[in-house]
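Chain naming follows the written order as A, B, C and D, and within any one chain the residues start at number 1.
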Amino acid sequence: MPKTENFQWYVEQVADGELHSHALTRTLAQGTSAYQTYAIVESPLFGKMLVLDGDTQSASLDEHIYHESLVHPACAHVDQPASALVLGGGEGATVRELLRVPTMQRVVMVDIDGEVVAACRTHMPEWGAGAFEDPRVALIVGDAKAFVEGSHEKFDVIISDLTEPLADSPSYGLHTAGFYGRTRELLSDGGAYAIQTSMAGPHNFQLHAQMISTLRAAWPAVAPYTAYIPAFDTEWGFALCATALDARGAAAIARADAHARACGGLRHYDGQSHARAFNVPRYLRDAYTRETRVFK
Amino acid sequence: MPKTENFQWYVEQVADGELHSHALTRTLAQGTSAYQTYAIVESPLFGKMLVLDGDTQSASLDEHIYHESLVHPACAHVDQPASALVLGGGEGATVRELLRVPTMQRVVMVDIDGEVVAACRTHMPEWGAGAFEDPRVALIVGDAKAFVEGSHEKFDVIISDLTEPLADSPSYGLHTAGFYGRTRELLSDGGAYAIQTSMAGPHNFQLHAQMISTLRAAWPAVAPYTAYIPAFDTEWGFALCATALDARGAAAIARADAHARACGGLRHYDGQSHARAFNVPRYLRDAYTRETRVFK
Amino acid sequence: MPKTENFQWYVEQVADGELHSHALTRTLAQGTSAYQTYAIVESPLFGKMLVLDGDTQSASLDEHIYHESLVHPACAHVDQPASALVLGGGEGATVRELLRVPTMQRVVMVDIDGEVVAACRTHMPEWGAGAFEDPRVALIVGDAKAFVEGSHEKFDVIISDLTEPLADSPSYGLHTAGFYGRTRELLSDGGAYAIQTSMAGPHNFQLHAQMISTLRAAWPAVAPYTAYIPAFDTEWGFALCATALDARGAAAIARADAHARACGGLRHYDGQSHARAFNVPRYLRDAYTRETRVFK
Amino acid sequence: MPKTENFQWYVEQVADGELHSHALTRTLAQGTSAYQTYAIVESPLFGKMLVLDGDTQSASLDEHIYHESLVHPACAHVDQPASALVLGGGEGATVRELLRVPTMQRVVMVDIDGEVVAACRTHMPEWGAGAFEDPRVALIVGDAKAFVEGSHEKFDVIISDLTEPLADSPSYGLHTAGFYGRTRELLSDGGAYAIQTSMAGPHNFQLHAQMISTLRAAWPAVAPYTAYIPAFDTEWGFALCATALDARGAAAIARADAHARACGGLRHYDGQSHARAFNVPRYLRDAYTRETRVFK
């Protein structure tokens, strides 16, 4: 047989009839946990990639864009945040970003899949960067829904890094207006909540728009924002929720710059990246106007 | 043999070891002109796609984002633009956008590949939307370099929609500091120049950064900007060049909104999209600082 | 976008989880007839390929192996064959091979899909090589089942080049023991019948074995045989049926050699190829012993 | 991201512009030895597959066809073979087949890549089926060329299971007329030599034909033969070499049947499979006549 340089590939279906194939250099781990199939693979361009049920969750190349975008707008909004709750977030990078905030003293992370968390700690330790060993962090392997419904602790920042409410997903119940409202009750006065809100490209924003509509049923102020994440093959959606927001204003941009300087070590988030993210593309603004469905 | 639903695919190599495959429903045209191979194909998600030498040039799904981004920032910057020059732009959509500007009276387009222009007019007439039949338009099938070097006409807006200065490309000579400077001489006082400046994702911005560096050698003010174009599988780069610019300021955003209202029919460009585009991601700003090479 | 040499591909699913992808140089024709989707494409290795409903039907590279294998064993078995009936055979190459037989005076071909026959005549004329213009040939665009059930003409050779009895195929009714028996009634005394009998590789012979079992319910002598056809990605099955057969014996081999010499111009069939084909692999012989199901 | 069932694939380039992709269920081992990259992967259709430098070496589905074809014609030719030498043969299946021969008392195997041999023993133990633990077997991890040039031992059967003489292959020097001649000197009187001789399909037989030409420069009698191996995506070539041969004759076929009965447990080789294999396709016979180049 003639030689080829690459022979193992990870093929991701990014839409009907659209495939993205990554040549692989290594498979570091693979298995099936009680909740999902998982693999940690490596591509020359993306570096290590965590794949759950065939979908890329994060990649060395750009996980900092995803995780800084998810965490820092909420932290910048809050005055001296000291405590945080992370729902999901198995790789540990969401906690890593929270720990960069100088005032942060306690981070609770609740993820249901202990096997995936362990695989990430072993094979992708640079994601967590020691977060799981930090004394400020409490890792709870368990159901985020049960935790939120049963907890009485308040947090200054809450980050939802859960998979999306697809029809067949175990996360479906974690994206209703009711659950969003219950989560809000765990937030301190003056706190902020941020959530990843699925694909937000011109061709795949429908679920995102419905998530934004559902968030608006539970929060007085919802500011959607997006960032382009190559490993996801699309613009990705987020939302910042609080009692009141002026996310595109000059004050918010100045606060983002000050927050980024205070944290140190950020590679993506600052005032200008904040301005870019919250000035969302017009097709999204049009979609938010049209979309009235709420997940119940 | 067992049945499959799709069997013809367009496979684009978007980076070393990274492929994007599109299932196809139709091939509308294909051939080899004097300059390149071309095909017009159709995918369920992207609709019609123009493919030159194996690379997607534009697609029904999102060509409006690309062409509005390329054309309107320059037009919004200029006070009552009446004349425009387009270098390249075979599909006709760049001219289409220029003709939306109420004050526009003359558009000259110079594209070297008459066969591709003809194929686009026949098989993708919605791209040009009648532009080639408009009495304000002069189409010159010829060499953009020779035209720029030989012309004495002045234009209020110049748009460069040429392929990038890859080593083996016939466009190489169209991206030197010298040629950029010569192009600038064709611009009216108070005019603006915009150019597509290649891939601008976190993983593929190197050529873009060098193009920006080269533009800065020829222009007093260069404002890079980007937009996510799914058909290109990446954030895409552009640059607006003029005598002086404050592209991120409140006045520029207000001007963008006024311009969009005056044009009517735009689907992407307005003040907020302008703000998003010109607040470029941090990895680009870092790259512009580092990159000092100039194409000569 | 970086350049790639090939960008259009024909991807054939050759089994669950197994794909064969062919880079394409051209698409010569494509469409949807009343019966199926079809395309005539070209690959550097296989040359022109006829694809029906996503499955390769024949390719320039090796269609001579398929068509000589299908036609000549039956013709060699019959003493001075003068008339032949072809069921299916849209490309025209089955008729082409029959016309090589010096004693052949009349060939009737019945194919239901006139649009595909016409596309093959236009874009793959080398398949028929003038067969459709030969005065000895009668082409009937119509239903093979209706023809066989209604005809009273006798033929010295009958060739079945129909698609296989897959559950959802219009050919299903053409592969029952009853229809095989009715076809046999159209054969002259001393005549022979040959039929393509689907995939016959170590991994995909189940349908083939059931077709052989069904043929044995309708014929006193059935000799399965196979040939490796690269365009089909597998060993391919055929069967020769007659009143009596000793297909592996020295006399049959000598007759094959004499027939090949008399025809002239053959590239594949001769005594040694005959011996190879009829000495079928052991996994098939084992399967024939086990398989007792008959299509009814 | 939408779900897909399979996401890891092994993509093998089987010719220029022709790819065969296998969905994978598992990667059992992968690494880079001193000589090559290797992986042991698993596909639903093919089961475990050993992949060296991107090329399939053998697969659960059909390795018995390859290894029985490689070993038994030589063993059947020799009267009561008691000793055998295997050059290459890392998986252990070649030795496994030799040990089936009732008269076999000593098998020496020389393979240069101890790391691959060890990976096969650990992850594909069913290939060797205990062969490496059999007291009759001596495994030498070392250079086949040095062994052959330095040895004075004689063997009744010699099997060459080495990779082909591609220009950049370390096996190149193992396929010259000179080395074939030196190997012959290690054979007992009345012994037989068999060698795998690369791809032998209608589209890829050129190297095979040149190997046959080279063998004919070193041996008085060379009988090429082939078998279809789905995991190799092609008919595969072999050659049986001895002082004198009539491989297609009735006596050889009867000897094959007797040998198969004596061995017991064979799944592929018997008289009829022998007849099929040695009646090679006509395109090969034509190629042998034309090809006169000899590897030197």
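Observations
Everything that follows uses one rule, which is that a contact is a pair of C-beta atoms (placed from the backbone, for glycine too) under 8 Å apart; a residue touches a chain by one contact, two chains touch by 3 or more.
Note that the structure is predicted; figures quoted are calculated from it, not measured.
Distance from the subunit B centre to the subunit C centre is 52 Å, each centre being the mean of its Cα atoms. Separation between the centroids of subunit A and subunit C, computed from CA atoms only, is 57 Å. Rounded to a whole number, the gap between the C-alpha centres of subunit A and subunit B is 33 angstrom. Looking at subunit A, one finds that residues 6, 15-16, 21 touch two or more other chains.
Chain contacts in this assembly form a single closed ring in which each chain touches exactly two others. Shown are all chain pairs that touch, namely A-B, A-D, B-C, C-D.
Subunit B makes touch with subunit C in their complex at residues 1-16, 21, 24, 26-27, 30, 39, 41, 51, 53-56, 166, 168, 199, 232.
Contact residues on subunit B toward subunit A in their complex (touch as defined above): 6, 15-23, 43-45, 61-62, 65, 201-203, 228, 230, 233-235, 248, 267-270, 272-273, 275-276, 279-283, 285.
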